[in-house]
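Order as written gives the chain letters A, B, C, D, E and F; numbering starts at 1 within each chain.
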Amino acid sequence: MPFVTVKMLEGRTEEQKKALVEKVTTAVSETTGAAEEKIVVFIEEMTKNHYAVGGKRMSDE
Amino acid sequence: MPFVTVKMLEGRTEEQKKALVEKVTTAVSETTGAAEEKIVVFIEEMTKNHYAVGGKRMSDE
Amino acid sequence: MPFVTVKMLEGRTEEQKKALVEKVTTAVSETTGAAEEKIVVFIEEMTKNHYAVGGKRMSDE
Amino acid sequence: MPFVTVKMLEGRTEEQKKALVEKVTTAVSETTGAAEEKIVVFIEEMTKNHYAVGGKRMSDE
Amino acid sequence: MPFVTVKMLEGRTEEQKKALVEKVTTAVSETTGAAEEKIVVFIEEMTKNHYAVGGKRMSDE
Amino acid sequence: MPFVTVKMLEGRTEEQKKALVEKVTTAVSETTGAAEEKIVVFIEEMTKNHYAVGGKRMSDE
């Protein structure tokens, strides 16, 4: 606690995801006062055919 | 904004998903007053072994 | 099934929400082939201090 | 209704998932008074590179 | 881990919610093999005007 | 895009929440390469009677 979910298009490298969870955890800890070891981060990836803005899917552009 | 998530069993065609995000976006825009280009739609698919009603998974029926 | 979640800023009227769930249900039924009576819609409202774009909350603009 | 989501690391067997949805459904029914046939359970699986505690992903340990 | 979310209409008593998280935690532990102290349960309550089945909100019935 | 949800117990001040969304947005931008103005952050607050670890709610401790 806190629990952080980052939802984004697939395609980031493992290095990017590793850095993402590290930096997000630090940011949440510094601003909320929660201990780092209590912070949970989930990554959720989307494919381009399952994400739309303005009624248009990324895969249809 | 608004953000719409449609969670359903896998199996719909790309044509169905394309129409789904278009019609849902229009429906949300017309009823909430939000501009279409601001509306985000996510599709999330489930497999039959991860969805249960009444304690019974679809894959066990 | 399907399960639809609409997440948006608070402030819509009951009439708007009533129309929203009706039209979204119709849109999902027509495009996925699911029967209307099987479609579930959840509305989730956010306050302006809990929603940020570009690092800036709506309540700070 | 109620709607229960169980999010966990991948790797459980089909037998475990089958038992999971059965027992969770019974637990929810007995304590909330909801009829079993109205209770929906979703399983969501995570991979080890998408789940972190304390800024460290399971896949990096 | 696992993380369980129970989404339901508001109105259950504190006693019911207390029993709910206890019994669900036991059910998840027994079937997945996860230690009880690792299992997290979230309760999310809905109001009747934010939940619809078949295009009709509970508050409109 | 990306979309970040931070779920935590209620009780943080507005200043903390303001700093939270700023620092999380920066962290996500730096590590994923997404432009800051495309990043969305949602805050979700829980009450102590709706959050349990090991079958025990925070409000029962």
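The rule is simple: a contact is a pair of C-beta atoms (placed from the backbone, for glycine too) under 8 Å apart; a residue touches a chain by one contact, two chains touch by 3 or more.
Note that the structure is predicted; figures quoted are calculated from it, not measured.
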Chain pair repeating A-D, as identified from B-D, A-F or D-E when over half of the contact pairs by residue number coincide: B-D
Chain pair showing more contacts of the two, A-F and C-F: A-F
Residue-number overlap at the subunit A/subunit B interface, same or different (half cut): different
Averaged-CA centre spacing for the pair subunit E and subunit A, given as whole angstrom: 25
Inter-chain centre distance, subunit C versus subunit E - centres from mean C-alpha coordinates, in Å: 21
Per-residue overlap in subunit A, given as positions that touch at least 2 other chains: 3, 7, 26, 51
Subunit A-touching residues of subunit D, taken from the complex the two chains share: 7, 46, 49-57, 59-60
Residue ranges of subunit D in contact with subunit B within the complex: 14, 17-18, 21-22, 25-26, 36-45
Residue ranges of subunit C in contact with subunit B within the complex: 1-9, 12, 16, 19-20, 23-24, 26-28, 30-34, 51
